[in-house]
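Before I ask anything, let me first share the structure, which is written out below as structure tokens.
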Amino acid sequence: MAKRIEDLKVIGNKHLNNDSFILELSGNTKIPDFKPGQFAQVRVDGSPDTFLRRPISIHDVDYGKNAFKILIQIAGMGTKTLSKLGNGDILNLIYPLGNSFSLPSLNEQVLLVGGGCGIAPLLFLGRYLKANGFLPDILLGFRNNARIIEFEEYHTIGNVFITTEDGSMGEKGYVTSHTVLTARQYNRIYCCGPYTMMKAIAAYSKNKNIICEVSLENLMACGIGACMCCIVDTVKGNLCTCIDGPVFNVNDLKW
Amino acid sequence: MVNLGFSIGDLHFKNPVLTASGTFGYGSEFDDFLDVSKLGGIVLKGTTLEPREGNLYPRMAETPSGMLNAVGLQNKGIDYFEKFIYPRVLNYGTNIIMNINGSYIEDYIALAERINKLERIPAIELNISCPNVKMGGMAFGTNLTSAREVTREVRAVYSKKLIVKLSPNVTNIVDFARVVEEEGADSVSLINTLLGMSVDVTNMRPALSTITGGLSGPAVKPVALRMVWQVANAVRIPVIGIGGIMSFSDALEFLLAGASAVQVGTASFIDPQSSVKILEGIENYIIKKGFSDIKEIVGYINRSN
Amino acid sequence: MVNLGFSIGDLHFKNPVLTASGTFGYGSEFDDFLDVSKLGGIVLKGTTLEPREGNLYPRMAETPSGMLNAVGLQNKGIDYFEKFIYPRVLNYGTNIIMNINGSYIEDYIALAERINKLERIPAIELNISCPNVKMGGMAFGTNLTSAREVTREVRAVYSKKLIVKLSPNVTNIVDFARVVEEEGADSVSLINTLLGMSVDVTNMRPALSTITGGLSGPAVKPVALRMVWQVANAVRIPVIGIGGIMSFSDALEFLLAGASAVQVGTASFIDPQSSVKILEGIENYIIKKGFSDIKEIVGYINRSN
Amino acid sequence: MAKRIEDLKVIGNKHLNNDSFILELSGNTKIPDFKPGQFAQVRVDGSPDTFLRRPISIHDVDYGKNAFKILIQIAGMGTKTLSKLGNGDILNLIYPLGNSFSLPSLNEQVLLVGGGCGIAPLLFLGRYLKANGFLPDILLGFRNNARIIEFEEYHTIGNVFITTEDGSMGEKGYVTSHTVLTARQYNRIYCCGPYTMMKAIAAYSKNKNIICEVSLENLMACGIGACMCCIVDTVKGNLCTCIDGPVFNVNDLKW
């Protein structure tokens, strides 16, 4: 799929909580056929502290409306500046970038695991899986119930399980301690979230011989395989998160 | 019609906009965004004799109007290049320049000999900012003797155009330009990255795995421009200006200061089409100012002063 | 209660935030904005033996995340200082440091002798980035012999605290730090401005009357930080970090890299209250990180690595 | 008068033509007693190309409303960014800065001469003079009638004379060729505009022994006399435009 650089129009900015928001974007040209797990390199205008683009996952796609969404959590000045965008504002993107989650084989039991804003790519992945005949379980971890975002959307895709660190919703603890992981058998896990969470899920999967793919969030400069800044140490040597990833099979990672 | 071409000896470039090594991959990474044949030339990613894995992650840190990198020349080595990459870049329709790197002078020599035989590579850019293992890791390009030696030895085995890329981390860059000119360099390009550093205050650790790294981007432009101006006034060979060029206006600063051409580096990360946009901007400027040949503006500030 | 103080020998500073020479006037320019007695110290505008008119206009150019200046040490000379300025700065309630400059070693010596007698000036900062007329205008601070000589001669006549301010326009700043330490400097401060340049593309002329000038501001921070880290690992005397410090977080990068204190320069132009805000930010950080003495964070990145 | 640094609120942004606009500002504290000719150092947020503050003159003051205006002409990215400010936006100023135009002596005939956006400080000066019992003439020069700004306001102060370069309004030519300069006798001229215009007016004044003050627009870094960047070569040596100016008697300048 050809990469492109394009000015898109903000047609929605929904604030989910103090530091998470969803931008809906649309353009004059037909949006590309996204694959789940792909991302965009977003130019942040009007932020003197933000020199480089910011990588942001594709969160949701509406081909009928010719629009798609990105879910962003404020981490610093770049994302903060983006949070102030309003309808009609222009956002310059290089996209779609990166590889994608692989499609499961027939009859595989699939689990999506997301933590914090790591849930961003999972919604589109979930919809994609559902469209392809899968009924994934979804396990989401948050700090507390005030931090829970987009939770309803996932119910349209499959069974949703929640953990919060303080037990204010769902099971108390981290995703890795959720009872569903012992109660049910999975053939394949897709995971995105903080590194500690992904590593724990990777260990769990390896232990149980479950196929596991994670989406990494390494620091990037170019996003298109030109700078070699975003590397991850794999069994195949240093690979670029931006073109060889962001999705990796955990067996390829030296975790 | 304006003439935008420039030459290094008998090697002609259709225009003065090239891409900088390490910031444009092997060119094909940008195929979706621009037609490389529009450019004056592209300098490929740094190549070494043996494959290199480069430095540990994190290799990059954003800084005010710039970035630090510590890629450490990750590349698959010259064998892989010859077999798999050279066939792909053969037909680019622009000058393909190889950027060569080594830890010993012998590495550079071996590379230059190999590349001398690659018909479609009309020039090499000798990156002398690499650590010289025999000098305890001090960069070839920060020691006049090493700079002289490596240039001389490569010149001896390499018959096409030799561009020496100078390091800015020196007291007097003019000395280095003069030395490599004396040793037969056909052109100098400058600057490579400034040695910098960044600390992650939240984690109380260096931002880069290597602690220090190379600074590039607009932040370095004033230093780069000063050095290009100094060097252009001191040597006869063409000078290629590099450092923080984001817009056509930045490129023009270098041309007006005496550069015959420019390389676009970090800008390609922010806008992959930067190089062609800069080229268009230069052409428009020359027309608007009433000139017909780019040579009329090269070094203009010296003439008007 | 956290201890923010640091010392140069027996000279105590109540906290590590000073202002940089040439960016804070004589202090009183900032009276409407802050209480200078809150600061660890202020370094006065560069003083010379004779009055100087400085360079022609334009003396300033904005650059990406920074600025170039070519003020050229405009000041009224030491006589005027003693008569009219010294009486005003006497009662500032903080350490007042004089920044001294010359074209000949003799100028520095004469100034140091005079200032040695000024009771309320406990330290001088020796600016060795000035052109050395006897060396054809090459800065004292870019030649090891000149740097050594000027430090030695000033040390011989000056009995209070001697801070030598290093130039970043050198291949190896560590050599310079070591040399001035050997000659008895009580502290080094760095960096002074990087030599840079800017071209006015519209008018096809250099942006500064002097063509080149000194680059300061956030753009230089990565280079400054790298040099401070290198020097702090090489000398025993306290290192004062300078260069692009705009926020408390910038200041902390320098402290974590090994600086005992910092100077706030260009930031005071953008926010005249920068220095006190930075001080507050440092204090909060130290408390939040659970330390009780600033010394615990100085050079922290070396310990954790 | 104590200088201050303050966040002010934009309570109006009136666009006069393609590249000129007037921002009205108000704050929580009482605005200072401005003197005509003073300026502010304006911080431009959200403009990566604008590192330093931008000096802008006080254009008009309304003590009753506790508000004042600045008139800005777009010159580059800094002023362009300011042009996009809207009501409720915050603007950080260091002000009031600089000296001021001197008050005329009793019975002096006074002329204000302005060109382009150089008219900015003259409105407040005019009001100030009027409040002090003077009836100044006002001579304004513009490129063409599309460039004429704030012209009506000046009618409330005194007689207004206009030149345009193309003759589309008022007399054709430059201010220096306007017939009022030969028809009437002045004791004092205040002038602000492009350097060539100010120099021509200065020459005219010197020739006729008229007291003439001009307001200079040198490049500034600090605006408070700390950096020595903004100097102007005078008979008294290099003076700072920001504290010894911006208003200078032309006899002091080496023009």
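To keep things simple, chains are lettered A, B, C and D as they appear, and every chain counts its residues starting from 1.
In this section, a residue touches a chain if its C-beta (ideal position, glycine included) is under 8 Å from a C-beta of that chain, and two chains touch if they have at least 3 such contacts.
This structure is a prediction, so every number in the text was calculated from the model and none was measured.
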| item | value |
| --- | --- |
| Fewest hops from chain A to chain D - one hop per pair of touching chains | 1 |
| CA centroid of chain A to CA centroid of chain B, Å | 36 |
| Chain A-chain C separation of Cα centroids, rounded to whole Å | 47 |
| Inter-chain centre distance, chain B versus chain C - centres from mean C-alpha coordinates, in Å | 34 |
| Two or more partner chains touched - positions in chain A | 48 |
| Overlap residues in chain C, where contacts from two or more other chains coincide | 63-66, 217-218 |
| Chain-level touch network, classified as line, ring, star, complete or other | ring |
| Pairwise chain contacts, counting only pairs that touch as defined | A-B, A-D, B-C, C-D |
| Residues on chain A engaged by chain B in the complex (per definition of touch) | 2-5, 43, 48-53, 94, 218-233, 237-238 |
| Chain A contact footprint on chain D (complex, rising order) | 46-48, 51, 81 |
| Touching residues (chain side chain B, partner chain A) in the complex | 22-25, 29-30, 32-33, 45, 53-54, 56-67, 69, 71, 74, 217-218, 266, 268-273 |
| Complex contact set, residues of chain B against chain C | 63-66, 68, 142, 169-172, 194-199, 201, 204-206, 211-212, 215, 217-223, 225-226, 229, 244, 249, 252-253, 256-257, 285, 289, 297, 300-301, 304-305 |
